[in-house]
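Read from first to last, the chains carry the letters A, B, C, D and E; within each, the first residue is number 1.
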Amino acid sequence: MTDVVLETRDLVKHFKGEIRAVDGVDLQLRRGETLGVVGESGCGKSTLAKLLVGLEKPTSGAISVRGQDMTRLKGGELRRARRNIQMVMQDPYTSLNPRMTVGDIIGEPFEIHSEVVPKGKRQQAVQDLLDTVGLNPDHINRYPHQFSGGQRQRIGIARALALRPEIIVCDEPVSALDVSIQAQVINLLERLQDDFGLSYIFIAHDLSVVRHISDRVAVMYLGKIVEQGHDVAIYNQPTHPYTQALLSAVPVPDPRLRGHRKQIVLEGDVPSPANPPSGCRFRTRCWKAQHVCAEQEPLLQIRERSPHPSACHFAEIGGVLRGR
Amino acid sequence: MFRYILRRLLQMILTFFGATFVVFALMFANQDDPIQALAGEKPVSASLREALTQRYHLDEGLLGQYWYYMSDLLTGDLGESISGRDISALLKDAWPVTVQLAVMALVIAAVLAVAAGVWSAIRRGGLFDNGVLAFTLLLLALPIVVLAPVAQWIFSLELGWFPATASRNASFYALLLPSIVLATTVVATQLRVTRTSVAENLRADYVRTARAKGLAPRRVIWVHVLRNSLIPLITLIGVDLGVLMSGALVTEWVFNIPGVGSKLAQGIRTEDGPMVVGFVSVLVIVFLVMNLVVDLLYAALDPRIRYE
Amino acid sequence: MSDATIQATADSRARSLAGDAWDDLRRNKIFWVSSVLAALILLMALFPSLFTSADPTDCALARQHDGPSGGALFGFDFQGCDVFSRTVHGAGNSIEVGLLSTLLAGTIGLFFGMTAGYFGGVIDAILSRGIDIVLGIPVLLGAVVLSARLSGSGDDGVTAVTLTLGLLTWTSSARVMRSSVVAAKNQDYVAAARMLGASPARLMFRHILPNAIAPFIVVMALLLGTNIAAEATLSFLGVGLKGDAMSWGVQIAEAQKHARVAAAPLIWPSAFLAATVLAFIMLGDAIRDAFDPKLR
Amino acid sequence: GCGSGDSEDPTNTANTVVIGIAEPAHLLPTDATDSSGAQVLNSLFYPLVSFDAEKNPIEVAAEKITVTKNNKVWTIKLKPGFTFHNGEPVTAENYIDAWNYGAYKPNAQSGGYFFERIAGYTDLNPLDPDGAGPEEASKPTTNKMSGLKKIDDLTFSVTLSAPFASFKSVIAYSVFYPLPKAAFSGDGVLAKGFEDNIIGNGPFKMKGSWQHDDKIVVEKYGDFKGVVPKIDGVTWKIYQDQMAAYADLVDNNLDVQTTIPTDALANAPADLGERFQKSENSVFEFIGFPTFLDQYKNPNVRKAISMAINREEIASQIFLGSRTAAKSFVSPVVSGYRENSCGEPCEYNPTKARDLYQTNGGPDEIKITYNVDGGHKSWVDATCNQIRAALKVNCVGEQEPKFSVMQEKLEKKQDIGLIRLGWVMDYPLMENYLGPLYGTNGGSNYYGWSNNAFDTLVKQGSSASTPEASIKKWQAAEDILAEEMPVIPLRYGQNVYGYSERVTNVEVDLFSKVNLFEIETLV
Amino acid sequence: MTDIKARLDVLPGLDPRAPLLQVNDLHVEFRTRDGVAKAVNGASFWLNPGETLAILGESGCGKSVTAQAIMGILETPPGHITRGEVRYRGVDLLKLREEERRRVRANKIAMIFQDALSALNPVYSVGFQLAELFRAHRGMSRGDARVRAIELLDQVRIPAAKSRVNDYPHQFSGGMRQRVMIAMALALDPEVLIADEPTTALDVTVQAQIMNLLAELQRQRNMGLVLITHDMGVVADVADRISVMYAGRVVEEAPVYDIYERPGHPYTRALLESIPRLDLKGQQLTAIRGLPPVLTDIPAGCAFNPRCGYAKEPCRQDPAPPAYAIAPRRTARCHFFREVLGD
């Protein structure tokens, strides 16, 4: 498939040899597509994102960007390859150097890759970027702490856009924002996608946002993808119990539905990634768990009752009540 | 953790050899005529010179001398100083009082630095803060050569609060004034570093939490802020302890304490290689242990730091 | 052209942290007070004759410890020399020793601390143990060796003292630097820059260093004072300045012997030393604050 | 801390005194050449001779000392009944063994050179033929000097290699003390640990061992047969620095300080009042000319510089009266001393100095080199200030880290400038101020001055038959010095000492030693 | 219980019939070198026992600052409360002495901070930080306080609380840390709980757990809850009333059903329209145009006027619109609330 821009195979990241933050992830991202990634906090989403952009070295597995294996590249080649895949970090504040002006922060990619924009035009380019993400171009001399959370997030986006990458990994880019700014950022991302044919990996907790922006959605649990498919398939016909639980917990912005929703409350705590349960990792909190779940690890595949890949022995479309 | 300590101990051995060699080489570079240095201004007869040269291998090169030294050392013999004294006995005599003095000075300096540093960080720019600054400047501007005799004069002779001198077997009380004097050499830096670090931590979110918990301001500062601010101070303390041990020269002279500082100075003056290296060896071990302790203290103070 | 447009064009030109810091400093009173003080002291160090016309070597025992008179503002010292004139003429060597040795120590400490903190692992272990070794070298030994080795080349002790202090007093700054670099390098913005393909040098100097240097500046400003004063101790121990080289340290070391008889020859050079340290501490604080945009 | 020394505060013990010293380099008599060691030994040993008020030697431990006509063979008869502190009787052998031990080269005793006048010394000290060269020195063939002969248990004879009329004065020095049999573990081998637990034949014995860097405590030896001191013991308290000792003195923690440091002198009269005292000693301070340098070859230049120095002013302003101006080449403490034997060149006369200097073309810059570890800066600076004012040439004090560096430069005949020097006598003879300092092969003639006539006169003086005849010759030699001015005499030293309120009758002798037989406590 | 509690109940002027918490015309400004930033400009709202008041608003509009001002933990300088009152059961907290004020904190009014990661002291175990409350306010012994700490952790559903009580904050996941913060706030049975974005950065399952937990505790203790959040879903789920803030002012206040049904202020309306909706997939979300006001330079009149579709001349002039009572228990600060409601 030529339009696959990013592909991982059996990607694994262990911290300190034992914490299995990411434990065998296969995913594909096509040109112009948005892949949403959702999952419990601590399930390895940020780690996955960092692996993709090369901030962490994978313990094993391969990442290829347009057929080029990123894990094999070194030095200058790697730096050039990195231009193509950028990330918007989870925490907008800590990812901006407090001692650099916004102009310097956004202009930094141009300085590192000096061939992109000639020196004299850099300031203009920076101001254009600010304009693109909806910030006042006159604010180039301000410092990060002088901006609101949403504005900071947009600074991060502008920086990621500077090198015109094909892929942007967004790690919870809107979680700290109020809905109207969140809307601005999402509109912006969608517009940029249309304009430049970008591909996104979009990580978020807010499932309605993910649903709004994603073409396909992957659900992670404890370092693994447990279910993957088109947004409609995942949201309307989830087959993995975890996905079902997750969706049932989504609050709906309509007070009239209060108390009318059926929520699946997950009992028990998230198991430690240092010592995940045998077999299916969700089985300790799963109401469907059987013997086989402890012994056999369910593969992420299309199953009898699941038209899209699902990693559950008993995958089936459950009747999760959805609002509206 | 255990493996970390083990690794550090291994590093220590290498460092030990490195340090002794460096100091040995420096002493060698410093060597003009140790025999004359020992005799002072008296003439040294040719016969005496020859005899001593042979006894202490002074005609050998640097490596030769180091070899003799090390081969003795590895058999557990620290050798003899050029003045003819057993170095292990010298060490045994000088170290205890120096350790006592340095530790006392360090405790005094740290307590003062923390108390005044915290207070002036809270009242940044206030009267107390500026007073502390003036005091710091005073300490900086009066080098130990001035401070030690002046303190002795005022507090011992004029006011009679302390004995004028101490000795090797001095009591805690007799060592108090010398250690206060010694403490002034490090307290200024410690104080300002503490002040900076506390001022920074005062703005941290967890301080707000502590206040929201309705805790008394005193508890907020001494329990919550302080522990987070101690790391830079601990870093300095690790360095300072050694400085206080080897650098107590003037204080030791003024208060007549036959410690490491004055022995080192004597060894350096008389070009007594084996003696200086003997003292420095112990000093280096103290440093290595101290820095290991400091690193472990980091971990104790800040549970986020883990060594493996 | 109206004021507003000038304002607008001025505003849209890109500024840097350094530029902003300068703007900020320009408006800071403490900065001006301390830099004027520092400038005066530097001027005194470079051109002592601007401040006094009295010959510092014109001494006569007949005037021993005489009080202030005529041009001799601070009176006379034990040798019957003009204290003011000697203090003014001593500034040169004291400032040279203090500034250069602090600069040297700062450079080494910065390099060791940054390298050890940034790379960690084996390099950190090697450098940290290197620091331990240097700590083990008694300052007196360094001073004795250097002063002996350099005296052949006509050094009046200034170079030897500077080198001794520079080469042996950087250890605490290195350790302080190391720990703040370790803290800074794990920040997200460093990761962000790395993601953009920034070189290690860029990470170090653009991102880590500016955010890690504050405690280092504090230590440096104090080291300057400690080193100027340390010269006095070295002079006292006989490994300081030589011959008739003048400095505050030499003056202090001499005058302290007679402090009980005449305090003025001790007080004045000490006061100048204190003023110098004060100037640099305030300067350091002002600069540190100026480079912290959050305080603006 | 533990042990007896700890629990006992010396100041509170009745009838003992605390005297301040520096850490002695050694306590073995033949190795103890520093004044601190000599002080302590003075309490532990009883010398063969000492000096009377006229500085003439008189027998003490010796009963009688006789000499042959040619001044070569000296016979020493000991007083009977004396014992070492361990009970051993003192015999002639104890002297012979001790002296042989001291002279034997491999023992490397710093006082060994004192024995070089005794016949057979060279057998024990064969010299390396090529100095630092590759050839090894030959081993001594014997460890016994042929000049020492036991006659009976209490008598022995000393044969000198050359006649020396004043040998009797020499053996007053502490290297000539005896050692008991217990000192040796074999023939000529010192017993381990002896030095820390010295056993002597004097009025006091060690109480416990030498507590290095801290103190040496001695107590009255009950069986002592000589003059009995009035005190019951001495604590020799060791100081790293004399200013600390002074503080203790003022604080009444120390009973006697024999040398109050110059830096404390300004306050001493006020601090101590009556208890601040002075007495004469043998120190002689001077400046040497590097006569190997062209610019100082002319004696008139040397005289001109000498005349530019106001000795009195420095003695009173810098040394606050603790020194006196020197205008002769020997110290007033020896017989044969003449006041102002130097004459006009030692009188301060700036105008004449300048004329003389200019007419004789003295150098444009004068350097006075001194070793920085000896506290000479103040007076060198003052001297330079005077020279600068008088001669209108630049004068700087040049510091060298150590005395040995100065020596080395002198040996290599480098451009070193004037050098400051000092001398303390070993025995009270005029010769001791001449031969070693100006003799062509003098041990302390660092400046390379050499004069045949002078050498001959000194030698003649030494072998003259009577002390009076010796002095004549030596004075003639001194006159040559006044003529040539190889050095500039500057100052004579004085003991400036002080004592606490606890003691009285404190005397400090020529050698800066406290007279332990006189001192008394007031308790 | 103990004397501290007893002393609190005799706060001068305490009126059991007065609203639990009432904020009147609160003004807070930050005096910085760049000028005076007016973070809160006359915020007013009230809270009854057992009630949940949600505060909504743009990020940076002064929600957290208001909360801090109520708690009395505003950093001064640079922050200054220039006007207004904060009444707890009729007692104006701003007029109390610091000592009395301190006893109100955590005992009567407690707060959950926005960022649990930095709000917990990294160098003390969570057990210590919890137990500290009992030791400082209740004078309990070390052992008793620890037992209470474990109970609390249990209560907020930290599994195996007993074995985790000695763990440090960094050893907990984000959700667990947030729960520790909640435990800390609830420790002394406060009557008012201010929760500043307690579930941001948590996934929905954990969020649901926490919100359920809060609701349950609230029911048990009849505790008033001020919930500051961006999540309109959560608000719809739990709030009784809503205050909407803009530029440091409460621009609308109403029961939750009314607001979602018919917003009375253009800003509220715009906020609601920004929520992503299923039927709008593939289309642009409706965002509010323009930028939030700069706090050092707030527009005259209605602060929202530069971004408002309804804005006309009166909106651009001082004074700002008053709080129009547009329905029972409902106010809005908009001159044109009728148009807004009508649309």
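Heads up, the rule we're going with is that a residue touches a chain if its C-beta (ideal position, glycine included) is under 8 Å from a C-beta of that chain, and two chains touch if they have at least 3 such contacts.
The chain list, named the UniProt way, goes like this: A, E = ABC transporter ATP-binding protein; B, C = ABC transporter permease.
All values derive from a computational prediction rather than experimental measurement.
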item	value
Chain E reached from chain D - shortest hop count over touching chains	2
Intersection of contact partners for chain A and chain B	C, E
Chain occupying the most central position, where position means C-alpha average	B
Farthest-lying chain, centroid of Cα atoms versus that of chain A	D
Comparison of C-D and B-D (more C-beta pairs in contact)	B-D
Averaged-CA centre spacing for the pair chain E and chain A, given as whole angstrom	30
Distance between chain centroids, defined by C-alpha means - chain B, chain C (Å)	22
For chain B paired with chain E, centre-to-centre distance based on mean C-alpha positions, whole Å	53
Sequence positions of chain D contacting 2 or more other chains	373, 405
Sites on chain B at which at least two other chains make contact	32, 149, 153, 269
Contacts with two or more other chains, residues of chain C listed in rising order	144, 148, 260, 296
Partner chain D, residues of chain C touching it in the complex	57, 59-62, 64, 78-80, 144, 147-148, 151, 157, 238-239, 242-244, 254, 257-258, 260-261
Chain C contact footprint on chain A (complex, rising order)	50, 53-55, 78-80, 82-83, 86-87, 89, 91, 94-101, 103-104, 107-109, 112-113, 123, 126-127, 137-138, 140-141, 143, 145-146, 156, 159, 163
In the complex with chain B, residue positions of chain D that touch it	1, 5-6, 23, 25-26, 31, 33-34, 105-110, 112-113, 116, 125, 127-128, 132, 137, 211-215, 238-241, 243-245, 247-248, 250-251, 253, 371, 373-374, 402-405, 407-408, 421-422, 436, 443-444
Contact set on chain E toward chain A in their complex	56-60, 158-160, 173-175, 200-209, 211-212, 230-237, 239, 256-257, 260, 270-272, 274-281, 284-288, 291-292
Residues of chain B defined as touching chain C within the complex	11, 14-15, 18-19, 22-23, 26-27, 29-30, 32, 133, 137-138, 140-146, 149-150, 153, 188-189, 192-193, 196-197, 231-232, 235-236, 238-240, 242-243, 246-247, 249-250, 264-265, 268-269, 276, 280, 283-284, 287-288, 291
